[in-house]
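Supplied in structure tokens, the structure appears directly below.
Labels A, B, C and D are assigned to the chains in the order they are written; within every chain, residues are numbered from 1.
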Amino acid sequence: MTKGIAKENQIVDKVKEVIGKSVLEIEIPRPRRIFILIDKKAFGKATHYLTKKMRFSHVSTITGVDVGKEIEVIYHLNRGGTIELSLKVRVAKDKPVLPTIIDLIPGATLYEREVHDLLGVTFEGHPDLSPIILPEGWPPDVYPLRKEWTLKKVQKRIMKGGKQ
Amino acid sequence: MDGGRNLAMVRELLKHLLKKPATLKYPFEKRVPFKGFRGGPIWDMRRCTGCELCYKVCPSEAIEMIGKGLEAEFKHYLDRCLFCGQCEEVCPVNAITMTEEYELASYDRAEMIIEFKREEKASKNLSRSSKNV
Amino acid sequence: MVPEGIMALIQILLFPGFLFLIALAFFHEWVDRKLLAKLQNRYGPLYTGPAGLLQPFADFIKLLSKEDITPKAADKFMFSCAPLFMLSFPLLALFLIPVTGLTASISFEGDLIFLMFLFTLIAITIFIAGWSSVSRFSTVGGVRAAFQMLGYEIPMTLVMVGPAIAARTLSISQIVGWQTHNAAWFIWLQPIGFAIFVLCLLAELEFIPFDIPEAETEIVAGWFTEFSGRKLALIRLGKDVELVLAASLITSLFLGGPNSSLPILATGFFLLKTTLAVVLFTTLRALFARFRIDQMIAGAWKYLIPLAILQMVLIQLGFGRW
Amino acid sequence: MSYPTIRIPFGPQHPFHIEPEYFMFEVDGERVVSVKPRIGYVHRGIEKAIEDRTFIQNLYLIERICGICSHAHTTCYTQAIEEILGVEIPPRARFIRTIIAELERIHNHYLWLGLAAHEIGFETLFMYTWRDREIVMDLLELLSGNRVHYAMNTLGGVRRDITPEIVEKIRKGLDALEERMRYYKKIAMTEPTISKRANGIGILKPKDALALCAVGPTLRASGIKRDVRADDPYIAYSEIPFNVITYDRCDVISRLFVRCDEVFESVNIIRYAMEHLPEGKIRIKVPRRVPEGEAVSRVEAPRGELIHYAKTNGTTKPERYKVRSPTLGNIPSLCKMLVGGYIADIPIVIAGIDPCFSCTDRMAFVNVNNNKQWILSGEELRRYAIKWYRKE
């Protein structure tokens, strides 16, 4: 499995040069797939470097995962349709704030709004974080994809108090 | 505006004057589904050993078991069934077969529940007991 | 009651009058739907009456029994009058067309002009219907109907006057008489005029290439979105009678109309030719996609009007005269 | 002198949408000034529902994300789970999956052609294309037992094999499909009314397409050669020669041509795959419990790049499962195309990207209204109670 990932290793080495110290985890499970977990501090520099210099200009999507105390936001970036680099950033659950990447990739507007709707991560600089998926009368503090909000808890909340 | 009248379309239109319509006069003419079509499933209660595998694997919980082991009887909820064939596949004794019946709609949800009883208790165990057989 | 009065009453109410025309309207709608279905490789209406013949009538009855909702914000008076005008204008216009012989029920010098005036009234009724049912879709539909009228009105009028000049009369009955005597139909004498007239009638009837005012995929049902129940039934009947009007206008102006004075023969010819005209409309309907409103008007002004003027010039030079 | 722009709502219920989506248009006369999309009306909360179902049950839930590209979703799902399991499915299964994927692409493109014709008011073409679509649906029913949800994919391979006489029937069906599509492409090129409504409409320049991350035929119609089947090959696409179709006129008519040519490509792919169908098993046993891990899997669905992200925690249920369907990727570019056009162009431009809103809305939360009605009726209340007590 290692023979096919020469290009991937190159990319990882270049990324290490630029933001070496704040790279926490790197994983290349198979050809054309890279997972990099970086510290929140180096997020701005990393995204700028990847999108502009390394030409990862296509964002396939942005995934939000509730990992207990923190929320992990994964940016699935793509170069030339082939290599898919998943850039992972962890954000504290009580203060989930991340800078937006719309200036780098305009196409990410809806994905950021989606993560905002469902997990409560606010993206600074995003022009319009109004709900895109959830219905109008949705209580603002209920983030359905968070683990603490189980199906039944949300139903109770919606039927009892929340505006619907 | 009516300049480039294209003849391909005109020829095709006139050809259709002679063609037989492609649509069927349903419900008078019905289309027979192909072999292997996944229609409403039925249980063969003589073979069933009550192993609960079909009940566990059903993605939409459309199968309800009453009783245990060899006395187990089934209530199949047609309105929840996905016709995915997973129960037919997982049944170790091939008691479940997917029929080729697709006209399963009904006005009353009660009729959409089909019971499969054991042999000695009721006569019509093999065939369906609800109206829309 | 003087028998002659009864005869007039029968003429108006029964034979070439309302009953006959409305039955003809249903029949033509049936022909249109069945042929369109045949061209599109499907059956069309089947179960009501022999081969679905009574389907249009059944639709009409069904609509009569449906609930009739008037939008709260609508202009009540205009909203309820529009369907009535929509039905009465084409019916009135049909009395100018000779059906059972060489002269129509009402025929006077200049009834062609009166007919053109009725056509414009129909278009205005459509606009009023759209405007008075104050919903976004119908307003846009009404405005589009008005735009479309600007597009097809001028070429249609120019082309309708063609046969009048050739026959040196402004009465439809006399145009028909002229064609029968000289045994020369205007379709051969003024082919360009005939083509333009058919296209303009398609626009007037709002059939496919020009069904912009009721483009279902853009503005739901355009100007008659808000109508339901009895009002919708009247509007649909009005549109069917309009189809009969268009077909009979083509028959009388360009296909020589009922070219014999014997009532039975005349009506037979009239029915045959109008049905042929409807078949022509349906085939065109199955052939095209819908234009955009700006394309329609641009096309009308860029192509139809110059061609109509060319036709007028040809007639003056004596080609269309015989 | 700017007139006050009036706002025309398109949706959520509108005759030309097959699904409820909602666009609020600011219109100045007939010109569109601004667009504000609002989706989420068929929001069934599939990702949350996935988290409390087993992997086998999820197979059928994910299949129902979309009616037309159901096979693409299950292929993506089974690929992701098989990658985490580290399992390699037999080559015959890979070829059968490719055949079904390409048949589904033909089915989607025929359906789209009919819808586009309906959008511009061409009823006859709509009727013809949907009649010919029956050929490919019959093939799929023959192969998998169902016209739409084929349920061919399962973890570890496919559920039904292809017998020689099915291959023969497919070959005959493909000839008919190819010949009809050639005719429709000729119509699209010559018929003046179609080119009037689709030529130069809904322009998306390559620069915008890349910046707004457009996917699939919408991207390829702006001249950019991007196709997951070629760039990031999966199942059997690395062993089958085919070429990626691009047109560079960036408007609705070039999207139509891209899709027409893709049908020809799919037909050749299926023919090649049927000739080189390897022998052997069609599925292998897969454990119920999936080890901890994560995977990103990408598939070229008929509408564009479809991406799934799976995260598992060693139990029989996935920890987190993210689905991003192609339509969500195309909505920003759609808004760019719509601004500046006419009202009359809105349906055909929206139809241009072949939106599938059931895919787009499969996100996170169960729609409570359905539940509420669901609970009130007696039978459901009883069954819900049984399920509830069995859980406690």
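Note that in this section contacts are C-beta pairs under 8 Å (C-beta built on N, C-alpha and C of every residue); 3 or more make two chains touch, one makes a residue touch a chain.
From a predicted model like this one, the values you see are computed outputs, not experimental measurements.
A.B. asks: Quick one: which chains contact subunit A and subunit C both?
C.D. replies: The shared contacts of subunit A and subunit C, listed by label, come to D.
A.B. asks: Where the centres are mean C-alpha positions, what is the separation of subunit B from subunit D, in Å?
C.D. replies: Between these chains, centre-to-centre, one finds 25 Å.
A.B. asks: Cα centroid separation between subunit A and subunit B, in whole Å?
C.D. replies: A distance of 43 Å separates the two centres.
A.B. asks: Residues of subunit D that contact two or more other chains, please.
C.D. replies: If we look for residues of subunit D contacting two or more partner chains, we find 124, 128, 131, 191.
A.B. asks: If I count partner chains per residue in subunit B, which residues reach a count of at least 2?
C.D. replies: Within subunit B, residues 3, 9, 13, 22 contact more than one other chain.
A.B. asks: Show me, using the given definition of touch, all chain pairs that touch one another.
C.D. replies: Listed in label order, the chain pairs in contact are A-D, B-C, B-D, C-D.
A.B. asks: Give every residue of subunit B touching subunit D within the complex, in rising order.
C.D. replies: That would be residues 3-6, 8-9, 12-13, 22, 33-34, 36-38, 57, 59-61, 64, 82-86, 89, 98, 109-110, 113 of subunit B.
A.B. asks: Of all residues in subunit D, which touch subunit B in the complex?
C.D. replies: Touching subunit B: residues 53, 56-57, 59-61, 64, 124, 128, 131, 134, 138, 141-142, 145-146, 149, 151, 159-160, 183, 186-187, 190-192, 377, 379, 383, 387 of subunit D.
A.B. asks: So in the complex, which bits of subunit C are touching subunit D?
C.D. replies: My answer: residues 36, 39-42, 136, 140, 208-209, 211-212, 215-220, 286-295.
A.B. asks: Note which residues of subunit A are touching subunit D in the complex, please.
C.D. replies: Of all residues in subunit A, those touching subunit D are 29-30, 32-33, 35, 57-61, 63, 65-66, 74, 76, 80-82, 84, 86, 105-111, 114, 117-118, 131-135, 144-145, 151, 154-155, 158-159, 164.
A.B. asks: So in the complex, which bits of subunit B are touching subunit C?
C.D. replies: Checking each residue of subunit B against subunit C gives 1-3, 9-10, 13, 16-17, 19, 21-23, 25.
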